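What follows is subunit A paired twice: with subunit B in the first complex and subunit C in the second.
Then we have the complex of A and B:
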């Protein structure tokens, strides 16, 4: 008897990814709105190398210039990703991790610091420089430590991923308008090719990581591995079950069972029997940007409840201390026999940091026009993300998260701006509706 | 079938660190917190919250976590006292130094706030 419907576990997984994306987008919109960020024509960035947009140029000039900017940008991103793949291939993983930590430090310290200072200036908060410096220092160091580190609470790690996404996205909204749109579309196409095409750098990266069974040296947001309470033989990823009836993520690797006592104790002990398994298969959405993040694959042990109750017919959901605490090394064979059914594992879905950033850039850019476009783009992006998650459960391999959402977002932005706005504004100013 | 109630030292439960690794991390958080990093002490307390709750388990970790908690409270008290005095006291209390210390002026002078 299942005490929870499939919607509980399915919902938790999807929310686990959509919530941080929504929070990131919301905060970027808030930042853009309150600070009235405008495009600064003086800044020359990687996105501006060829053509600096001038609002007074004609449409054709802007079109060509932005197209060139976008192409150059994508080429740069591709080049950096190939370098990343090479370094990973030659086992420079440590160097990559230190580089990522350094870039996290840099992003949080300088770009994040600039944002805080802008906020302080804008609202004239009378805080003194010493306090400010100490707080910024703490914030940056903690963020650097949370990247690739084992010893940080998962919540802190997730928060810092979101914060970094916000910081980079806020800076990207300073790009000129036409360039932003072209870059978004170009990156969506690049993502599609890089993750799915046989020679694509992200696909190579993902395959390398999975054959070596290593963690990707990239910044990814990982949703907390869910502990499903379902009792079916191998609850598995609910997404998978929803779509294909357990398309089986079969795994090799050791099984480890741990019993946790009755719910009397702390929140920690609310997990029932947990099976921790190593898994080879790849199961994530991924994309990469500028060496900041690379595609995501989950290759981590995860938990799964229930179904381990064969040895002793413990049918009931909670409070079923099944098997005793097993050492990490011993009893590997024995539990294996128990868990024939629980082969499907829930793992935290991983979403690359680049996705956070570019979704937020799109929504931030929409915010610079009007709130109506923000709502439309937000809904479009979230539905795109939902589609991508469903595809993920169907195909069970790393998928690009950008294309569907960005395409939907761009289409909806322009449709809203061209069609919906005149309608809504006209109708409401004439007091007919709204 | 023994049911052992495993108490995990970290707030993440089975997803977090094991006990041996926890002692190491607790000690490191405690020591580095002295480098003007009170937030590390805060993370220490937050991460090892179960250690604070079960007062008899994990004696070694508890040592560091309790000291981190004390350190964090002391530091926060001092820092907020200073910050509040600064912002509430304002120019009357400090005189011209206030203008030199306040963040938005410093940012202006050094040209730091680039976003807006």
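Then we have the complex of A and C:
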């Protein structure tokens, strides 16, 4: 067909975000299955501060203990987020960037290294320690460089974001079961409050960043669609026009985008995609999570090295559960004569790294039960993500990515486990299908 | 029975759908979204059905009529849901057409609509294969295998993979037939889809008898190939019609 159909490029942005999330979840499930990690109750992490779960405890004890764990975790996350907002407010941006690079190095080096070691042990891969160390070192350095540098190809950056999400999520799946579920739900609620409520730390952070026309110092996955130039007019903002209606494009949301495009230096335009919503970069949640995962790592080496130190801060910054929308506005920017720049800006959605992590934690925990729950939770999370993206195109400001997906995921997990499993297994083992 | 066997069973059930996915659906992001949403619809229908039947489970293994009732009710529910899915799709088609007008691009072609129906059907089929076959496969990756008493010639995993393949075909192509039937108001097409689904479900009940799978599975494949033929014939006719309609203009 010579004339192309609208179906060719519709929905490219959504798939650009869903594909890495799916890959991350799939790899975490594979890792969970192959390594068969059982939660080690001896490690005391920030997620386990009050109550260490023992499988032989009664249900009420577990309930109370897990609830306390979850509340303490959320409080810690919120505290660290506020510290981050303060630092950003007082313009310690360079410090934050260096800190983020350090935490990337740390996450990839120690946590990633521990996972690689257990893979090598499990599959009996013959590799000596010097080679292993050199390879790990190279891998880590490349990841650190890719976090904030501008010269890196975007694919490398995206791959490292996914790898970091996998590493942290694999660590989080070591938490005991009840604690994991309570923490997930508590974080989803915290995310909702932190991004949307007027005093929420993530909302403050986004506003600060947009008033100063700076990029948020956080780890975000940018999905840049590879839509060809000829489709630019139709493809780039197609979702927004589709959902928001034709006339709705030129409203207040777009003004923000234009302002950013004007003010920021060209090299910042790539990262400043303003309305990035869900980026986990908004550190709050993401950060604290990393902080906790960092402290869980530190508890092991601390037994060897004897220093717990300041690991808390490591992971936190990077993960903010926000989704941001980038560059949807080529329709408006063109009359302003910014066509060249808008051509250079890749349109895309930004998703925070914390979202990757917690989606994968949920699916990894479902994988410890059965494959059916994995698939049900995967579908629930993907549909929640789709809903969030559609809301993003309607409201065009930073939105929390966790609540809808996590709530749907938890609901579907328990429904599948309690209702669907006996039904389907009973029918299909008798070779009766429909 | 080792990783190779496990992957083999999985590919047996899902191989053709994987190739369909890679060649047709992965080219257009909208079709991927359609596939995901139809899988979700199937999952929700399964959850609702299991919620309804939960108080009666586990069913006794030797009596066949509760299973008949179960299959019958499930098929009826899913066919009703298919009709609702089509209604939703009609609304989506209107939205897409008005969007196409707004950005002055051509409206949805016939092939687009057929592709969307195919993606929807594939979503149903993949959901069926995953929940009824793949979710029981993890033991097959280990060192042993499993036989069911009623079908003792073939490992259980192999039989369920073969049945799943037949059902994937049936689901995929009956969705195309159903969408075209509802769109054109063609009674034959509208009726034939529930009939196919019901007969396929009933045929699996034949597996209940001892060594019934020797008869049941080939008959199931007969139904699947009938579905394929009918769908192919219908699509061919529609394409010829639309080409004749657009007349001398070259498309």
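By definition in this document, the second predicted complex is superposed on the first by the 310 of 434 C-alpha atoms of A that agree within 3 Å, B and C clash if a C-alpha of one lies under 4 Å from a C-alpha of the other, contacts with A are read in each partner's own complex, and residues count from 1 in each chain.
One rule holds in what follows: a residue touches a chain if its C-beta (ideal position, glycine included) is under 8 Å from a C-beta of that chain, and two chains touch if they have at least 3 such contacts.
This one's a predicted model, so the numbers in the text were calculated from it and none came from an experiment.
In the superposition on chain A, contact is made by A:430 with subunit C only, not with subunit B. Using the contact criterion defined above for the overlaid structures, shared-chain residue A:108 touches neither subunit B nor subunit C, since it reaches no partner. Contacts of A:153 after superposition: subunit B is touched, whereas subunit C is not reached.
Using the contact criterion defined above for the overlaid structures, shared-chain residue A:371 touches subunit C, although it does not reach subunit B.
In the superposition on chain A, A:379 contacts subunit C only, with no contact to subunit B.
A simple residue count on subunit A separates subunit B from subunit C, and the partner touching more is B. Of the two partner chains placed around the shared chain by superposition, neither subunit B nor subunit C is touched by A:77. In the superposed model, A:389 makes contact with neither subunit B nor subunit C. After overlaying the two complexes on the shared chain, residue contacts for A:224 are found with subunit B alone; subunit C is out of touch.
Overlaid on A, the two complexes show subunit B and subunit C touching no common residue of subunit A. Listed in rising order, the residues of subunit B touching subunit A in the complex are 1-8, 10-17, 21, 25, 28-29, 36-40, 43, 46-47, 50, 53-54, 79, 82-83, 86-87, 90, 101-104, 106-108, 112-116.
Residues 27-33, 36-37, 39-40, 43, 46-47, 49-51, 53-54, 57-59, 61, 67, 70-71, 74-75, 78, 95-96, 99-100, 102-103, 105-106, 108-109, 111-112, 115-116, 128, 130-138, 148, 150-151, 156, 159-160, 163-164, 167, 197, 200-201, 204-205, 207-208, 213, 216, 251 of subunit C touch subunit A in their complex. By the touch criterion given at the top, residues 35-38, 113-115, 117-118, 120-122, 124-132, 134, 137-139, 141-142, 150-154, 156, 170-171, 174, 224-225, 258-262, 264-269, 271, 274, 276, 303, 311-312, 321-325 of subunit A touch subunit B in their complex. Contacts from subunit A toward subunit C in the complex involve residues 1-12, 14-15, 33, 233-234, 238, 241-242, 246, 370-372, 375-376, 379, 382-383, 386, 412, 415-416, 419-420, 422-434.
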